[in-house]
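Several structures are given next for inspection.
Two complexes, one shared chain (subunit A), two partners (subunit B, subunit C).
On to the complex of A and B.
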């Protein structure tokens, strides 16, 4: 899917963007003639570049609308996205040429900076759209998140049953490991996939970190040699296997949450900044002409 | 109260686990509950009531009978379904208020309470950002546009003002109080390009390129000050220095049929620039009696002469054998007489008193060599002579003293009569006439001046001394910096001057010692890769003799032409 996003219709929009970029550079270079007005947005070439840039910004923003119009026949979403990527990239050039790299503490540079942030966040989005689906597929090994959660639930229920036959100390510890498992959480926790799971150790009132189920797995493995009865050792072995599996699934789920988060998180930058850009762009145009 | 919860385990069919709980109510949920049911989206609160148990769900709904609900009563014998579990009541053993059977019916999803999806609202952040940008960059500055008081308040506070709309820096001259912070100083009317009136409000002495009374000015109609002078550029630049400023029009004189005498200029090279035009002062009337007229003639025309009426030779004055500096005894140098003005281009006026008199004194009586004639006023000079001699011959003491004196003979001075027979008045007048004849006709005034003998009987009308007018500005349409050229590496400043002005060889005051185009081109030709200078190196757009912009741009003439555009 990802290659076809860029290569859609034999790089049609890549070629368009290239052409637009070349025309833009030509226009910019043709500004040398008027010495009263060094290259910037105020020459006629600057006005043309600015108008093209503004129209591109508005059109690129419409992708968000088109994506939600499932019944729309105005091109495929894939085509729109391909154009969005290429024309968005060339907008960086068009906008820079329009500004002639002149910056200051003003609304014009605000619009430019917002545009750059939107585009760079878009580049990040493109990067994750291209790379993360593969990672996600490898991570999830052919099953979706719900299937893994179900397996985890089964596993936990199994552990709860199995641990019934153990001593109260181990039972409490194992159950606390289950109850204090952390999956997901805040945006930061989701994106870092940091394991905040905890466990209450025997004789202690405060929970300690049980990242990657390490404490409970260690505790179980240490108890196996001390088992007095064959049946007890079997139970411990079974618990160890169950927690081992649990560790694998939890890790996998955390990666799943992280990858899906990364696929999504840039949009929380990309979209609000786009809206801010549209506002700043309008003010930019307005302010240029109110103080012509 | 005590609750007994029986749960069917995953292994085996009949096996069940029982747990006891104590409290006012029994809670079920995926976390933070008495009975943990993994995968449950919300929580349930159970309280024994009449006819079963009252169930309240939070964050989810449950199925009881045929109805989906959040609150209801589960009677014995019926089953409540929620999130993959079935709850039913069984008869509780004694000591227990409630017996609850929990069965898992389907696959459960594990849940640990933490969100697994990013739950950010793009919409809220978008609104917030949009409103912040709108408030800071539009609403506040715009308030100032309509309310000058608000603008004033905003600009004197750290709050955002319309300075945020500035598209670039101002030139240093405009980056000053009263202009830089007040956008409306120039942008007087919203959505209207900066008008000339805003510029001329301060720049009242600004002149146009031409005198619109003499030249067709339609080429400039419709152009604004800001056509050439653009602010807010980077780098700051307000004054055009490119050749295009001039040659866009001057390269094609044919396009300007009304511009008399305009010659094609496209660069400063021999081929592309015409010979300079000297500003030659031509006397009007005999001896410039009616003043001088400035005529501009090409410097390469043969036999051009300056007609200042001055008798003078540079050759003699620069010859140490003939003229020496009074104080040092050395030869005179150019700077002995020619002192640059502060503009570095022009020189202080040459005057009799400042430059000539120390050698060329106007003493007229050898018996009284300290006494000098007044200069520059013929009538005053004759009156002074008459008064002096009449006094000498009228006062008996002076007359006797003069008769007894034998003054030393001074070369170039008339040996005045020591004694005279007759009345003091007659003798004085006669002596004055003789001295005047000598001064005006032999040596004295006539040394430097052209003097005409009118033949009139009246001594006051007998001579006419032609006025002197030395050219002060040879190239009125060009500028030249003598100061920078004086830094050339010669030992003597005179040599520097003589590199361009061949003064030592000039034995006639009518020689024009001003170099022409070739002299400048030898160093500054644009096509030789030398020290090239563009048009504005020597010429300015705003001409000293152009019309005042304040008048030209608001004149009915200019307005009519603009309307005609």
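On to the complex of A and C.
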């Protein structure tokens, strides 16, 4: 019932792309070629390949428009995306055949290079689209981000209440661990799920790293055996359990941020490069006709 | 010596005001020196239900097809405007007496004696009850508890009070919500009579416990405390006190204000104490009245919501009419032209009132109904006349409310169509199937059909074909349900036929109607709440269940491993009567379910009369066994179905299920929904439960028997023939559907501002672009029009189907019906 975008309609566009690729190779080979006129973009076969490639590029960029035509009845977005993936992949072949490996420091090669970058960023996008949603689902264990944040907030207020009966030193340390917890941060920190949380240790004025709540968890587990009274040990045990759970939720939330970020960030490369490609492509076509 | 009036009107809501207005008109006409009527109101203001609406709420004047007939004005508009008009009408000289709750009535027509709460009494020849159904708030029951600045029984806006000490009395949802809201700016004590908050909703229960435990919030609870007395403040603004009796003795709390939220006293007891009979025990039942709104007590009239007419305009028209009737005028009711229109296409010329009487006599089940209820049934129904196809084109085209014409020989409905209306045949014949491609049964005048879908909410089973010159009454489900709730004869009549036809469809017995009727009389109908067990794996069974409505899930070896699900019209546990009494599965009601229990004797009588059908039953059973075996051997898939059932999808017909292993979280589904539905998304992708890669987002599932349709005053929520449940433009924004939906799929929202065209956004940067924004600020006009309910309409009528599914780039979103669940979960 649920079909992935690759398997859409029994790999319909995969088959089309394959056919297009075979025809492209056939065209390329039919150029024969000799020293005076090696296969290149200027033969009729080269023009055909170039035209097909240019049309593909334009059509592939139209996905962004179709995706936003919410009431369009022209196929489903999934069908378009499936075609986008396969035809985009075969474009790499068509473009390469059109260029016939003639490269240089010019606008033509710039267009080719941009095309390759767009396609490879697309391959990366396809990779994350296929692999990350499953990880994300497993990571979030059936709850959404708001639900986890809510549980985290409950834990924190619970910790604040519990720590009130502890000595001032521990209290200050635990509260600093709460206050200096970091979620999110710079794009890089988000995408790498780096934990910048810190803590102020007793007797120190500078905060040190408390990544994965490690310092506070260690501090608590070291204090438990030293506890003089049973009631004190109980409070410490409870705090340990709370911080342990907190560590897990923070980790999970960071992974959530990272995975969701990865699912989006490649588009910040893919789309601007596509625009650049469209510009370079226009110049390429224009200049080819000027210097006919 | 108490004063004597011609008419005493009890309750100053819209109905009472209108009645008083008309009575005042008569007084003015006759030049009476003293008013001959009195309007008695138990509260200190008129129309208290509408006064309680939030500020600026837009009040609608549904039903649009009915004209207002009243001396007191009323058109759709803001709460303040409407109350203003009524206030003017009152000031213009209506004889109203506030704080005069009627506590007892004795006497008879011509000499009633109304005892008031204050101890006074009023005498009246006639009494009009227009007290509505909301009831009066329960009071504290100690001296000084009358509504005042110090003691309040309602709370309009918690932000009206700041930096005060406030005592909230009560432990229900209203008390908790008020207390928590007040504690933002005030010190609040909540007084609970018991030692726990057992009456509250889960959300409120958690919230109140959190508030009590929150050290930063000035929120305190006194458990097991009863109000023993009040000390009223000596001067306005000064503190008073409340005295509580607690297990540890008396406790006194000084406070600026007391807000008591102790619920309301439903008027039923009082109504019955006046001698008025309400035949059904059903809490929604209304008292019977005759054509002139007179109850079984002569001289005592009932109008408005208490009589079953909750809409303001209907109630006001009745207020006018009832005074006419009391004054001996046989005025045609305001709805007379509507009846005329409905009957306009009948093949005979007759006064509408006479047609009404004739039809009531023709249908045995309706014969003993009270005429006013029958009149309402007809007004809310559609009169259908069948014509030969050739004449159909020439039939006059009336409005939406005139007689409808259909082609003879053509189906009235087809198998699989979603409609829940109820048909009564007045003339002609109808050929009826009880299941797809099943045998035909002939329906004669006076009989009815369509009760299967009415009761189960499932699509039609089999076709119904109408003969030439037939006349039918097609009644909406809402009206039938209301009637069945208040009229035992109708409900048991429909029930009996339902059981007979269900048995006919399931077993095709060759029995006379009488024999079948006997069996129908013997079988037992049982109700199960969601989660209740019908039978348990391993026990010895002696009966089978024919499902009347709802869904039964069969689990094996563990509560969440669902091996099969059965819907209405299907059998569960038939193995027990077909050779293997030991139950192989546990049967649990997935949603509220009703079944017909058939035991050995009835089963043998049914199948014994038609041995050929046994092979069909065995064939179906084998199919069921094959299916459950396949699910039982895939515990993961069975567990996933268990999860879906746990999310209430057992009663769904069309639900959005997202595959989490495909969803990239782009929210294009939500944007597509908003873009195709006036800027407001009807689904919330991220919220909702997930299990094993399946996610059930918050969106409408188009339930079999939609909870939202239950209590919609203007009947704005409809179901299309294809099953989509949608809200029409007549929504008045009352919020009942939002409250009734157990799945949070309906919300109230202002209209979203219109978006600029794509080009003017792209080139000129005007307004939000496609898919933007997720929230918006409503325009002043939209705020004026008020919030309306919005929900998914499954993109009804949109080419290509639901936008959410079509807009998903990765194929993660699909819409499914329960029949497709096994297909959905396999591979997960």
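Annotations for the structure displayed:
One rule holds for everything that comes next: the second predicted complex is superposed on the first by the 285 of 292 C-alpha atoms of A that agree within 3 Å, B and C clash if a C-alpha of one lies under 4 Å from a C-alpha of the other, contacts with A are read in each partner's own complex, and residues count from 1 in each chain.
The definition used in the following text is that a residue touches a chain if its C-beta (ideal position, glycine included) is under 8 Å from a C-beta of that chain, and two chains touch if they have at least 3 such contacts.
Because the structure is predicted, anything quoted here is derived from the model rather than measured.
Look at A:5: by the touch rule set out above, it reaches subunit C but stays clear of subunit B. When the shared chain is aligned, subunit C comes close enough to touch A:76, but subunit B does not. When both complexes are overlaid on chain A, the residue A:134 reaches subunit C alone and has no touch with subunit B. Contacts of A:290 after superposition: subunit B is touched, whereas subunit C is not reached.
Legend: residue contacts after superposition of the two complexes on their common chain; A:144 is shown touching subunit C, with no touch to subunit B. By the touch criterion defined above, A:260 reaches both subunit B and subunit C.
In the superposed pair of complexes, A:67 makes contact with subunit C only, with no contact to subunit B. Set side by side, subunit B and subunit C differ in how many residues of subunit A they touch, and the one touching more is B.
Looking at the shared chain after the overlay, A:204 reaches neither subunit B nor subunit C. By the touch criterion defined above, A:161 lies against subunit B and subunit C together after alignment on the C-alpha atoms of chain A.
Judged by the document's definition of touching, subunit A residues 145-146, 161, 260 lie at the interface with subunit B and also at the interface with subunit C.
Subunit B makes touch with subunit A in their complex at residues 9-11, 17, 31, 36, 38-39, 104, 107-112, 114-118, 120, 122, 125-130, 132-134, 137-138, 141, 145, 162-169, 183, 187, 190-194, 227-230, 232-235, 237, 240-242, 244-245. Subunit A meets subunit B in the complex at residues 33-38, 40-42, 100, 102, 104-108, 110, 145-146, 149-150, 152-158, 161, 164, 179, 181-187, 189-190, 253, 257, 260-261, 264-265, 267-268, 271-276, 278-280, 283, 286-292.
Touching subunit A in their complex are the following residues of subunit C: 215, 659-666, 668, 671-672, 675-676, 686-691, 693, 695, 769-771, 798-800, 803, 805-812, 814, 816, 820, 823-824. Partner subunit C is touched in their complex by these residues of subunit A: 1-5, 8, 67-71, 73, 76-78, 80-81, 128-129, 132-134, 136-137, 140, 142-146, 161, 260, 263.
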